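Please read the structure below before turning to the comments.
By written order: A, B, C and D. Residues from 1 in each chain.
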Amino acid sequence: MNYLALYRQMLEIRRTEEHLAKAHQAGMIPGACHTYVGQEAIATGVCAHLTHDDAVFSTHRGHGHALAKGVPPREVMAELFGRVTGCSRGRGGSMHLFAPEVGMMGTSGIVGPCILQATGAGYSARLLNKGTVGVAFFGDGASNNGAFHEGLNLAAIWDLPVIFVCENNLYATEVPFSYATRNTDMAERASTYGMNAVSVDGNDVLAVYAAAGEGIRRARAGEGPTFLDCKTYRTRAHAEGMPSLGTYRTQEELDAWKARDPITTYRAHLVSEGIASEDEFAQIEREVVAMVEESFEFAKSSPYPDPATVAEHVYSDG
Amino acid sequence: MRELTFTAAAREALTEEMARDPSIFVVGEGIGQRGGNFNTTSGLYDLYGPMRLRDTPIVERGFIGMCTGAAMTGTRPIVDFMFVDFILDAMGELINQVAKIQYMSSGRLKMPLILRGSIGITGASATHHSGSYFPMFVNIPGFRVVVPTNAYDAKGLFKTALRGDDPVIFLEHKSLLNSKAQVPEEEYFIPFGQAAVVREGSAATVVAVGSMVRKALEACDALAAEGIAIEVIDPRTLAPLDIPTILASVHKTGRLLIMDETFQPCGIGAEIAAQVVAQGFDDLDAPIMRLNGVYTPTPYSPPLEAAVIPNPTQVLQAIRDLLAE
Amino acid sequence: MNYLALYRQMLEIRRTEEHLAKAHQAGMIPGACHTYVGQEAIATGVCAHLTHDDAVFSTHRGHGHALAKGVPPREVMAELFGRVTGCSRGRGGSMHLFAPEVGMMGTSGIVGPCILQATGAGYSARLLNKGTVGVAFFGDGASNNGAFHEGLNLAAIWDLPVIFVCENNLYATEVPFSYATRNTDMAERASTYGMNAVSVDGNDVLAVYAAAGEGIRRARAGEGPTFLDCKTYRTRAHAEGMPSLGTYRTQEELDAWKARDPITTYRAHLVSEGIASEDEFAQIEREVVAMVEESFEFAKSSPYPDPATVAEHVYSDG
Amino acid sequence: MRELTFTAAAREALTEEMARDPSIFVVGEGIGQRGGNFNTTSGLYDLYGPMRLRDTPIVERGFIGMCTGAAMTGTRPIVDFMFVDFILDAMGELINQVAKIQYMSSGRLKMPLILRGSIGITGASATHHSGSYFPMFVNIPGFRVVVPTNAYDAKGLFKTALRGDDPVIFLEHKSLLNSKAQVPEEEYFIPFGQAAVVREGSAATVVAVGSMVRKALEACDALAAEGIAIEVIDPRTLAPLDIPTILASVHKTGRLLIMDETFQPCGIGAEIAAQVVAQGFDDLDAPIMRLNGVYTPTPYSPPLEAAVIPNPTQVLQAIRDLLAE
């Protein structure tokens, strides 16, 4: 159990996102940008158990998943800047991050498909006896969509090695989860499909790590899928450029969740338990900041893709 | 007359009709108090309340199927779908149900369902927020497909949609939403199936769809300076398609180019070309040409994005090529 | 409570279906034919509460729903024979029965949409304060489809006056429900959406009648949707021309359910309770048989639609 | 050589490839022990077991999305969808995901996903079991669209699909499933994008799609008796589309008619006409004509159903009209 690796990963996501938010304000990101700030513990706690052979599928809010799965920050940043050095070679942008070499099988601008695709990765794993898992990250909003119903059911009936990670941050854009469903107990909803379902504090990286570890162990052992209901909150706007509170959130709610920030609470926990010292954290902070800044410079100075390549890779033979 | 943006003009049509007809309601994500991702409904929630401005969960198939049933039972639903890419999840409902129910019920049921929202490639929206997809709706019998290109048309066509009993796919190109035009205070309607000749000319005919209308007009301005007069036609509705106006123009000019940002194969340009070569063959002095966006998923990076949309140089060159034939 | 009307309605469905099955064998039905034999108690018990202003939406196995909703047998038969006197004027056939004048808003050859459309009828009812209900009839197979998830949720969150009637006959074509889901407790699944959900013996017309009555009362009173989980069995093949047992059903299972035939058990019940006499049943039998035979003759002798009308009604203006 | 039915030939391709490549699996409703609604998989369950012949719940979107993920992670899924009408519920997955993932991943992911099943109007199948819908797949970049018209082609094209890395929409017209042809014992492949000239002639070119090939050949037999030699081309794959073969024929004949049972607007006939008028204009001696099914949802009643499909009289008349131009 490498406590500081979890910390470093969360911090890497946070600092990358903060850079991206600033870059968005500065007009350096031509398209949309949905940050993961506040939710870092989830991607971090889950992906800590994964190898590059495990397949992660994600959604519009996917920077954190890509980073935690091992996509270098420079490639994420370069992608959002539209550069050819980006993980999708500039074809994708924020909502279409692909890095199959590390098992990041794509984020999607459409809500829902990742649930089904992760199920398919589970099917491949079973058919080929790979011992790998498929992982889907998605929001509370996706849970009302038909893809949720169909995907969870298929994984359940076929005992597929799939981890469904629902990041319930209480809102889908500005629509409250409590408006969008009469049953906000996500783990109960998932267990209706006859699968292992666990609720966990999504702002507690150790809790996520433990629950994900058990789910992934089960999946690798052929014991079927697991659903993780992670309760969390995004502390920035739905997307950069939108209001952080809008008509739907209160300052009190935001402040209360900020007080439960996954990074600062974890740091305090490690210090109070004597697991790590403030010096170590300062060291990590320096390293992460240096790496993110280097990534930012790399991204900024990378070339744009050549327009002549625009129609390449539509088909497998070109 | 006032100047209104495309979005404001369409919203004015909507609020006028909602005031008049209490059976109209709107569903979509964030179209209630928030007023819509593109401000399509801003202010309306306060006027008409939550039953008529209905925020939804993220269930495109669900609410389109629901609106299908609503349209069969006495109300007039409007689906405000944000990006057309999202309603691909509801194609089964649209093609198998919405488009067929008037027919299957021998006209005893009507289907006054409007689907409205954004299309088009612009602003690094990337591949899941840049679609247009109208050829597939034109291919299927049962839909009206409307592609307004300015505020005036947007209002007049939306009003027509709101009074009719057919399902209407009403597509608003993102690059046009803030464009302004004179919009009369008095009520008016623009019938479906009437193209607009937006520029008269005799040297060649350009049929331009959606975002290509403005680009075609700009190119023709440049050519006018050289004394070349091109006729530009905006079909405004793709189903029904006003072929007589196009044929009349080709009769005069003998040359035809169709410009469309969307994919070429089996697109609207193919249909226009096929109809003109069948019905206007003797009028043709040159091959019919098409200028389309590149046949590829829409990339994100600005230089790539720019490379898939026909640019001013290509537009001008396409017209010159046609004239040279 | 008109006990004999329920009996008559079930018998009308049964005798009509038997005629249709024979007609199919005789080559008189050009397309598919999925009969409702064995499930008559459900449509009968539900539709007994409905007026023509209530809207019914159904699926591929929809003859029983159309008949119970008030479409005359002659129009159903004529439709399956492809005649212009059919309820859909010959455009529809078995899977596309439309009779809006009696509130039969259509059956569908696609599994799923009826769930959503009934929800929409509920929306219209609420918006226009009509006091009517929307009713969806569908099979166990449809319950795994995304339309189920999305439709039930919408009806629940908006308290719509909708009755979801699931006819769980244990199989979807030849796929067992117990294979298609890990959770065969349909009422539990439905109540997860936060709606009133009731399990009922779908072969007991009085049980269906009572449960539907309470659900419809609630719906009309603004108390939201109800889900009826009706356990039943079709005693004929999935569709005419297919094997009745196939690889998926046993003779024992079929016999056990035939012994619980909804019509004969109800008749025995009414006799043993002294509610009706064998004479009354004989009289009803004669009347129903006569009516169905007259309907059959009517259908058989009706003209085909005029091919010149083939493209009419694609749009509202023609 | 043996005579095999279309279905048997395609099944032979499937079982050969499944024996060779353990990463191939099939999903669909009733494709396990039952062997498929159209016997597409009969006998295979006993050979390859439930993981590779996987019966599904009724979740077209679900299993197509699942297979998308599977195709990205090392297996080769085949969706046996029974009727193409059903997969309209999965258009979002198909267009937004399946067609785009190779592109979005810059070719680092492949998408060896095959969707196969029935199309076409026949046997009073009515409006939810009679669709073809291929123009919309042709419109979207990223798909291969295959429409075999005989047993020989079915096997050779299916084998090619099973060896390739692109998503393939493999469409089998119901009226052809029991038709027989000579099929060699030896392995063979038919490449995509190669039309077949199924009859040579010089008076006119008929491009016939799917079920129209046989009807075109019958009409041409009748005309041959009058000494009129018509060339008939079966494109076999609609994406890619073999335009050079069509142009070469039109160069010879000067006349072109495209026959397709499916809806005319933005259909495959429109695309062929548009390409030929653009690239073969000088070869044309007459207007390009199209003969399509009627633009209406498919009705059930046999006389109505017959009225929407081009019948032999209409086919013959269309060719005569073209010759008379």
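Here is the rule we use: a contact is a pair of C-beta atoms (placed from the backbone, for glycine too) under 8 Å apart; a residue touches a chain by one contact, two chains touch by 3 or more.
Fair warning: this is a prediction, and the values are worked out from it, not measured in the lab.
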Pair with more cross-chain C-beta pairs in contact, given A-D and C-D = A-D
Key: Reference chain C; chain at largest CA-centroid distance   = A
Distance from chain D to chain A - Cα centre to Cα centre, in angstrom = 40
Inquiry  = Could you work out how far the Cα centre of chain A sits from that of chain B, in whole Å?
reply    = 36
Ask   = Which integer distance in Å separates the CA centroid of chain A from that of chain C?
value = 45
Ask   = Which chain B residues touch at least two other chains?
value = 56-57, 59, 61-62, 85-86, 89, 92, 96, 103-104, 127-128, 141-142, 295-297, 299
Ask   = What are the residue numbers in chain A that touch two or more other chains?
value = 88, 91-92, 96, 108-110, 112, 144-147, 149-150, 153, 157, 179-181, 314
Task = Would you tell me which residues of chain B are touching chain D in their complex?
result = 60-61, 85-86, 88-92, 95-96, 99-100, 103-104, 127-128, 131, 133, 135-136, 138-142, 239, 241, 263-271, 273-274, 277-279, 281, 284, 286-290, 295-297, 299
Residue ranges of chain D in contact with chain C within the complex = 29-30, 33-34, 55-59, 61-62, 85-86, 89, 123-129, 294-297, 299-304, 306-308
Task = Spell out the part of chain A that touches chain B in their complex, as residue ranges.
result = 30-32, 79, 82-84, 86, 88, 90-96, 108-112, 141-142, 144-146, 172-175, 179-181, 246-248, 304-311, 314
Message = Could you list, by residue number, the parts of chain B that touch chain C in their complex?
response = 22-23, 25, 51-52, 54, 56-57, 59, 61-75, 77, 92-93, 96-97, 101-111, 141-142, 144, 164-166
Remark   = chain C residues touching chain A in their complex are 144-150, 153, 156-157, 179-183, 188-189, 192-195
